[in-house]
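These notes open a run of structures that come right after.
In the two complexes that follow, subunit A is the common piece, with subunit B as its partner first and subunit C second.
Presenting the complex of A and B:
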């Protein structure tokens, strides 16, 4: 079974191939200039890469797509809101926001990991529901506790009623400060060098991490928990560590994401981010149990090209820009659904392969 | 003066909740000695090894009696890790390997060679990086120690099954402290050539001073490689002999030889039904049931008989009824009453009036949270529209609770099911009574052919007799053909007309149940 036929490859990469086709068809229709398109993709690459990379570790540990990366995103937002109120600007503000977010994400990751250890084999649905639950707590903190309990001074952040945070928090003071730290423009394309450097370092860390004892343990746990346990690996602890790491990275990723956007939609920024990141990763050819750094970057290029060109193409064709908006949301959910179905059918197919093997053996025996 | 033995097990006793499975086992083992441990399933070999290896299940069920002395030191292991630390290694029947890892990674799983890194100072030594070169060297050493060549960079999932087994053995050999290796049926999955290589490697290990306990059903191998043979039966060591002073035939006799002759009067000794019509014919059947693979089985069942299917565990006897009834993927041809029954389709089997009493009582057999009434009537209701009141020409079907209660009471009386009422929940009954409910459920279907799988597993002696009698009565009074699968040969001999012995997934032979025990023993070991 080591030889894969062309059909197997096509099936494995069916989602990326589908997206290449969509992009190739939509790009000329949209009438967007190539330089605009490249600019947009480069920007989004810097904006999203860190967030999506945070998904890799739980996949390695066999915990599937980490829908609860939203938890880290919320921690990042809390950090940013506080830093904004303290009027610490630019890069130091971002760093401080990250420092604040790390213990919060670590705690949330610990909680999430413990819950997921109780729900082995159902990690994805559990982490999805946990993200809703924690969203409730986040709203409680941001809407009611910020003001009376956690001091918020500035009226640009506080709701007029005296407590709670406004719908939008402006991050003008740190908008694209990281992106523009090292200015570089090549052929009209603005390149966020510093952001890319941070992403690059994270990639190196992930590659290095795979070679560590902990990384090896995670891969072992991901493939067979029982065997790993028999060999003396602390399965539960390893899984918790992977969740903590992923959540912390997601928190930092969210801060990088928001500095590029330039404002926080306090009550909605995080809610879709998990879905879009997971969809992008899957579009890059990852599956529930296998994902690489290459998948991340291919995914960002394809998914966001679609994001940019589809609404425009929709407007050109139908004269209605809403159709494109609808399309991008619809496609993200569709991609995730397809990936989950493919994961299940592959599992089933491998099982029936064993049966076929048995039938074949017997035919040979009977001559 | 002779050196003290490496291992001494003295008066080992073990019971599972009052059920004595090991009694007064004494075993000594010297450095570099190979002993063969043989016995039927349920003789207590596995339990004895679990005690030695410190398996959790032993501690959880109340520990054991007697003492184990390793290297002149009394030991009692609380977990396999303690046993490993003291130099005991075990290769289990089921593989314990990570499928996506290369052989090297599996051999050194959780014992990898490491290099310090910056972060390991900051956090823990789990941040050390792996030293691949050193790992390759160590794995290579272990493989060479074993004496069988395997590709250490090959992924487990790409390996033939024999190489997986060798990887497991190499993993044990890579542990430097290893002094005693337990091999639990290592050759069961190997080809003849691979098995030969393994035996050679066992000899090599013995020369290096590693003691080996070799458990297998292939007696020829035992004689070829072991110094001594220990035979166990019913939880006791019945014989211990030097390998060169015995023969396969002798060992077989010790293994199965109960008090032959006692009560043999009731056995059917002759094949009386040769002229009977073949009602079910199974041809070229394969079944992919994990652990009970069936290969190329041809079996004819005669009308009105009780056919027993016996054999050692894991040889495929359970796969036959499960495959025919469509519970596991299967292929081949099954003909019933001249009509071909499609496989992998339980409903078609039920429509052809087959019934199946599964060995998985709690999983497949019963609706645990439902009442006895529902349990007994449910299949008949679903499959045959029994116990239903039809209105509007069958458009609306209502449950006929009165009829259900009636039939349930009838079977409760007939099978002496101990319960508080017909509405008691199935999960509240004892194992024996649950089994009777399973039978009642099958009886209520009024099948033409009844498959019964391990009907007496885990139930006490009294209930056993009742269940077997009920089966016999059902067979005689209603003329139902019964195919009964059981691990207990004695029980098959008392109940059945003929017994087919399954070995290595195939029918090794069919004997009338009064045949000599040795004959059955031979067949059981034929292909395994």
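Presenting the complex of A and C:
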């Protein structure tokens, strides 16, 4: 029995263990100093934690990995672009950007939830395509409507042709304002205290949310939609709410992310964010139907260590800087692929186990 | 009175036909027709436009055709198309590396790509049999992983042909490789018809027709019928004594091989081999083309392929020129993204029997 559980344990944590091994091998080869590494990881922790936490709620509701978290990211970017144009700086600017992003994300989340309710059992691929679809609409708005329809005044943001937003929007006035709100440096490591506080509050909220009626409903829906419906839970509504919450959180998370980066890549910031966040969460030991706050933080540490170390190590080993770049992209995709395959095979195994059980019971009843 | 009912019945029939055709499809067809009608008035040359569409059709047809077998066997839309494309690219680069030139290099590329497609397709099919029900998502990521793995391989594999590697380093393949002197227009040049501005790449179209006909014929053989049976009702197929896993495997291998050949046909038309991240999103246009043609997640015919490719490529080629001439505003990229992904979304949200 105990041997079995150890094996299960190993299987469950196979991805994190693999990553620990990669990091342990690559870190010395890369030649990066430990203090630099720690600094980078702490920064990235503050930058990404909020975004990745936004993925937890749809997993709870059984909707799998929310590939359409990019919707929220786009809403956040729209908020920031507008605030930038209005020249509201620093923390008030960030708060205003969040306030603008919330209704947009809520609307997008509502749309997403409705569509996903029409595609039950195919949520992930559908949410993935939704992110592409909305990206098209986002480009339509940002590239063509901003200027003539949505007023943009400043030429630093507007394209020279008179409409549309430039490829990069500088957030110099907001750059790391939240991170540096409460300055603290321990042993040369700069710690973004205020950002961590915000993340901490979100963690508390998520823990609290799990215990509320709505949170319980979501878990019930995630376990079994039919049973939940029989128990009188409005399944469709619960699922939509989970999507709305996730999208809104992703929007806020994106604003925190971008204030750390210091500029918006208008047409590409959001496109990769979903993939990297999901990969990080999975690296932390989460699966498609189960994820905890612990997974988020472990995932950030392991994934981003790999992310920093791999290109350098690749350059040292092969003498070509591109190898490492491609390697980390490959690893991100491979992790998601492996996690998805493990989830599907487990699901099938459980199903066949269940049906065997059922057959056995029936046989017993007959005999 | 009877006239009234007759009229009602007529209306009913039209409504049914429209419903079967699907509203989004109707809008897209209408849009394309509108573009064709408008184009002469805004100063675009209609024959050039039409030959553009025909050309594009001949490039992309086989890639879209690759969707058919997997849809038939119930594996859903093949978002893992990049895997097949990679086999094709391996064939293409090997053929050039081995020193073949001219039209022979095309034949050799196809031959060399085949073993890769068969092996990768078998592994891919075996994997998809393990995860029935989650094919599309995993296919997407299998495609992505393989493309990013190959990104490293293109740099590391020992290619030496000076036409393909980076000039300075002498190793590592270039991102785009010109096919000048190799198989540019290898198929298109065969029996090419030129009438004024109208140019028809007969050879490439014939090649597509041959493959499409072979596919049609295959679907009417015993194995092909079994494939359709597996797709529409796996339980029923199993009780009828069909080896479901084997049939699915065959469909995946076929799809992968067609994708490999498809990318070669695409390259001969386009004139370049594109490596590295280029195959990344190549599945999406093919998927949305077949959906625009009237296929659903578990139903597709050769007709869907032909209509879909013409409609999709028509919009892709027509929008930029017409829009540019009309309002000096190129929104084609955005329109393409919205139309193609909107179409995939539409298909995914249809309630389809037989899928789980």
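Note that in this section the second predicted complex is superposed on the first by the 346 of 367 C-alpha atoms of A that agree within 3 Å, B and C clash if a C-alpha of one lies under 4 Å from a C-alpha of the other, contacts with A are read in each partner's own complex, and residues count from 1 in each chain.
Just so we're on the same page, a residue touches a chain if its C-beta (ideal position, glycine included) is under 8 Å from a C-beta of that chain, and two chains touch if they have at least 3 such contacts.
Worth saying up front: this structure is predicted, and the values here are computed from it rather than measured.
Trainee: Output check: A:267 vs subunit B and subunit C. Expected answer is one of first, second, both, neither. What do you get?
Mentor: In the superposition, A:267 touches no partner, neither subunit B nor subunit C.
Trainee: Return first, second, both or neither, reflecting whether A:216 touches subunit B, subunit C, both chains, or no partner chain.
Mentor: first
Trainee: Of the two partners subunit B and subunit C, which one touches more residues belonging to subunit A?
Mentor: C
Trainee: By the touch definition at the top of the document, which applies to A:86: first (subunit B), second (subunit C), both, or neither?
Mentor: After superposing on A, A:86 lies clear of both subunit B and subunit C.
Trainee: Could you say whether A:196 touches subunit B, subunit C, both of them, or neither, answering first, second, both or neither?
Mentor: Neither partner.
Trainee: May I ask you to decide whether A:334 touches subunit B, subunit C, both, or neither, giving the answer as first, second, both or neither?
Mentor: second
Trainee: For subunit A, which residues count as touching subunit C in their complex?
Mentor: 115, 118-119, 121-122, 124-126, 128-130, 132-133, 135-137, 139-140, 143-144, 318, 320, 322-323, 326-327, 329-330, 333-334, 336-337, 340-341, 343-345, 347-348
Trainee: Which subunit B residues qualify as touching subunit A in the complex?
Mentor: Checking each residue of subunit B against subunit A gives 80-81, 96-101, 105, 109-112, 114, 117, 125-130, 157-158, 284, 286, 288, 293, 295-296, 329, 331.
Trainee: Could you please specify the touching residues of subunit A with respect to subunit B in the complex?
Mentor: That would be residues 1-2, 208, 211-214, 216-217, 219-220, 223-224, 226-228, 230-233, 352, 354-355, 358-359, 361-362, 365-366 of subunit A.
Trainee: Can you list the residues on subunit C that touch subunit A in the complex?
Mentor: Subunit C reaches subunit A through residues 79, 127, 130-134, 136-138, 140-142, 144-145, 148-149, 151-152, 155-156, 172, 284, 329, 331, 333-334, 337-338, 341-342, 344-345, 348-349, 351, 355-356.
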